[in-house]
Amino acid sequence: MYYVVTIATLVTMGLALVRAVLGPSVYDRVLAVNMIGTKTVLLLSVIAFLYGRPDFLDLALAYALINFISVLAVLEFFRNRVLRRSTESDTET
Amino acid sequence: MTTLLEILSWVLLSLGGLSILIGGIGALRMPDLYTRMHAASITDSMGTILVLLGIMLQAGWSLATIKLIAILLFLLLTSPTSSNALASAALLAGTRPFDEADQDEEKEEEKEKEKEKERE
Amino acid sequence: MIVIFGIFLLTLLVITAIAIVRTDNLFVAVMLMGIASLLIAGNFFLLDAADVALTEAAVGAGISTVLFLSALALTSERERARSSNRALSFTVVAAAALILIYATFDKPRFGDPQAPSQIHVAPWYLEKTPEYIDIPNVVTAVLGSFRGYDTLGEVFVVFTAGIGVLFLLGSGVPLGSLPREKINEGLRHHLIPRVVGRVLIPFILLFGLYVQFHGEYGPGGGFQAGAIIAAAIILFALLEGERRAMSVIPARALLGLMAFGPLLYVAVGVAGIVLGGNFLDYSVLSSDSVKGQQLGILLIEAGVGITVTGVLLSIFHAFAARGR
Amino acid sequence: MEILGLYNYWVFAILLMIGFYAVIAKRNLVKKLIGLSLFQAAVFLLYITMGKVDGGTAPIFSDAGTTIFSNPLPQVLILTAIVVGISTTALGLGIVVRLKEEYGSIEEHEIQEIDEQ
């Protein structure tokens, strides 16, 4: 039964990857990264049990904690870009 | 009792797998960003909860269960937050994407398709 | 079955790589790099490399994306020019790929226990680790003790790279003309990420310490822990702004951490000489040689963790403080 | 199954060459660095693949009593290489940022043109 979940997760990762490659907007790609991130957490936890080594859940835990940072970095990046553009247009006009 | 738990955990796992798959298909097929986000959040909430609960029932009481609870807790905290951050970033930019030309083309294509449908 | 999962993940990885090269939007390329990192970490885990997967998780998920994005914020997001000599480059690359693939037919099959790489030193490490060092994680044993000299070199490379970045970006005139008070506030106005992030930071730090000191018993060690702790503080800097993060751990302290880590490592090595052994021979650190080995690994892992934290944070601050 | 046994090596070759293509054909310096990261990832993959042993698990002893373990040595090398890789990539990005400040561009040919003037 672990196999079913693993296959579902892998297929969803594939679908999300298609979304990331197709876009169209950058936000879709960020969404896809985020999705693949949470799917990786699930994949790692399921495979840890599939291998019979539950002590490797540390990996999934690491991703659950750290994945968040890249999305915040993206938010900060967009915010900076908006600010940068507004100041650029101020100096140009 | 153990068989009952076993069956329950398999049911949870397969339901989790199903909702992950549905969310994945939704994230691919939905028409625009916000609806895609909605579909993706199904995999983050339902999928995660069901799958991790299913594994927890398999693991029984051990250190692994505590780690799984921690994973579940952190995912339930972070994934809605990142969705929120993403949506607010998209709104902040006026949902105007990078590839404006691409999107315009797509809109035009969609309009054309709609017109074709109307003709049919 | 697991082999098939691996093949599927690798196929996704190749698709991602092609998409990375094809897009002319650098931001999209960085996002796809994030996906590639996740896929490759999953693959490492399938290939039994839990420690490596944890390192890739700690570095690839947070820090690498953050660094690339801050570099993009300072340069530009779009690739302006088309590729040069596309046909020629493609021919060269295709020919080389064909040669490499042809060469793989002479390679031992995947997972072959009789492959030359499996029968030389690895069995010795697996056999002697319980005897000499007596810790469950052989990777940590090899990293810290059997090949401690290699690791010392790597730590110095990391240290040098950090110093190099500080030389390049550490001082000088800020690029942007933005009002400082407007830029330095981070995401303070985004209430939800801020609240959740503040809840998470202590847990990430705690997890980092767990990875650091549990490295002898499970996947983990100084490299992973350093990256995770750095990620926690980068999260703080993103949420509260550069200035507050710098006031929590000032640049001077980071410089101290960067230098202290390699020094601790070398000091442990020299202590071995002083106590009558060889350089980086931990057996003499305690009356019981196994205890001495364990103590030595604990200390050098701490040195590694401190260096990696200091270097990654210094690099992040050097980028973030520039042109803001 | 014999042929599938080489799939990891093929992916290594293809990934390596995709990264190499980005390094030689692209003119944007950040893109070159991204290509270099892909190149690195391919090498990591090769090493870890060589360390895998059939039926083995990660080289961390547990109570389960397994006796087959994968090769710890490639894992040690790659573990350190990942952290070294991110530090050196950061150094490269630092150089690119400085170039942008000096030349106002991160495209290779534009920088060369400015140099020739």
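Letters A, B, C and D mark the chains in the order given here, with residues in each chain numbered from 1 onward.
Quick note on the criterion: a residue touches a chain if its C-beta (ideal position, glycine included) is under 8 Å from a C-beta of that chain, and two chains touch if they have at least 3 such contacts.
All of these numbers come straight from a predicted model, not from anything done at the bench.
Colleague: Need the most distant chain from chain C, centre defined as the mean of C-alpha atoms.
Modeller: Ranked by distance of C-alpha centres from chain C, the top chain is B.
Colleague: Need the CA-centroid distance for the pair chain A / chain B, whole Å please.
Modeller: The answer is 11 Å.
Colleague: Go ahead and note the Å separation of the Cα centroids belonging to chain B and chain C.
Modeller: Each chain's C-alpha centroid was found; their separation is 29 Å.
Colleague: Please tell me the distance, in whole Å, between the geometric centres of chain A and chain C computed from their C-alpha atoms.
Modeller: Once rounded, the distance between the two centres reads 18 Å.
Colleague: Find every residue in chain B that makes contact with two or more other chains and list them.
Modeller: In chain B, residues 74, 78, 81, 85, 88, 98-99 touch at least two other chains, as defined above.
Colleague: If I count partner chains per residue in chain D, which residues reach a count of at least 2?
Modeller: 57-58, 60, 62
Colleague: Identify all positions of chain C at which a residue touches two or more other chains, and write them in rising order.
Modeller: 25, 27-28, 50, 72, 77, 190, 193, 196-197, 200, 203, 218-219, 224
Colleague: Dump the list of chain pairs that touch, please.
Modeller: A-B, A-C, A-D, B-C, C-D
Colleague: Please give the residue numbers of chain D that touch chain C in the complex, ascending.
Modeller: 2, 4-22, 24-28, 30-31, 34-35, 37-38, 41, 44-45, 48-62, 68-84, 86-91, 93-98, 100-101, 106-110
Colleague: Could you pull out which chain A residues touch chain B in their complex?
Modeller: 1-2, 4-5, 7-9, 11-16, 18-19, 23-28, 30-32, 34-35, 38-39, 41-42, 45-46, 49, 54-55, 57-58, 60-61, 64-65, 67-68, 71-72, 74-75, 78-79, 82
Colleague: Once bound in the complex, which stretches of chain A touch chain D?
Modeller: Contacts found on chain A: 51-53, 55-56.
Colleague: Which bits of chain A are touching chain C when the two form their complex?
Modeller: It comes out as residues 3, 6, 10, 13-14, 17, 20-21, 23, 26, 29-30, 32-33, 36-37, 40, 43-44, 47, 50, 53, 55-56, 58-59, 61-63, 65-70, 72-77, 79-81, 83-84, 87, 91.
Colleague: Could you please specify the touching residues of chain C with respect to chain D in the complex?
Modeller: 3, 6-7, 10-11, 13-14, 17-18, 20-21, 26, 29-30, 33, 36-37, 40, 43-44, 47-52, 55-56, 59-60, 63-64, 67-68, 71-72, 74-76, 79-86, 89-90, 92-94, 96-97, 100-101, 104-105, 107, 109-113, 115, 117-118, 121-122, 125-126, 130, 136-139, 141-143, 147, 150-151, 154, 157-158, 161-162, 164-165, 168-169, 175, 217-219, 221, 223-224, 226-227, 308, 311-312, 315, 318-319, 322
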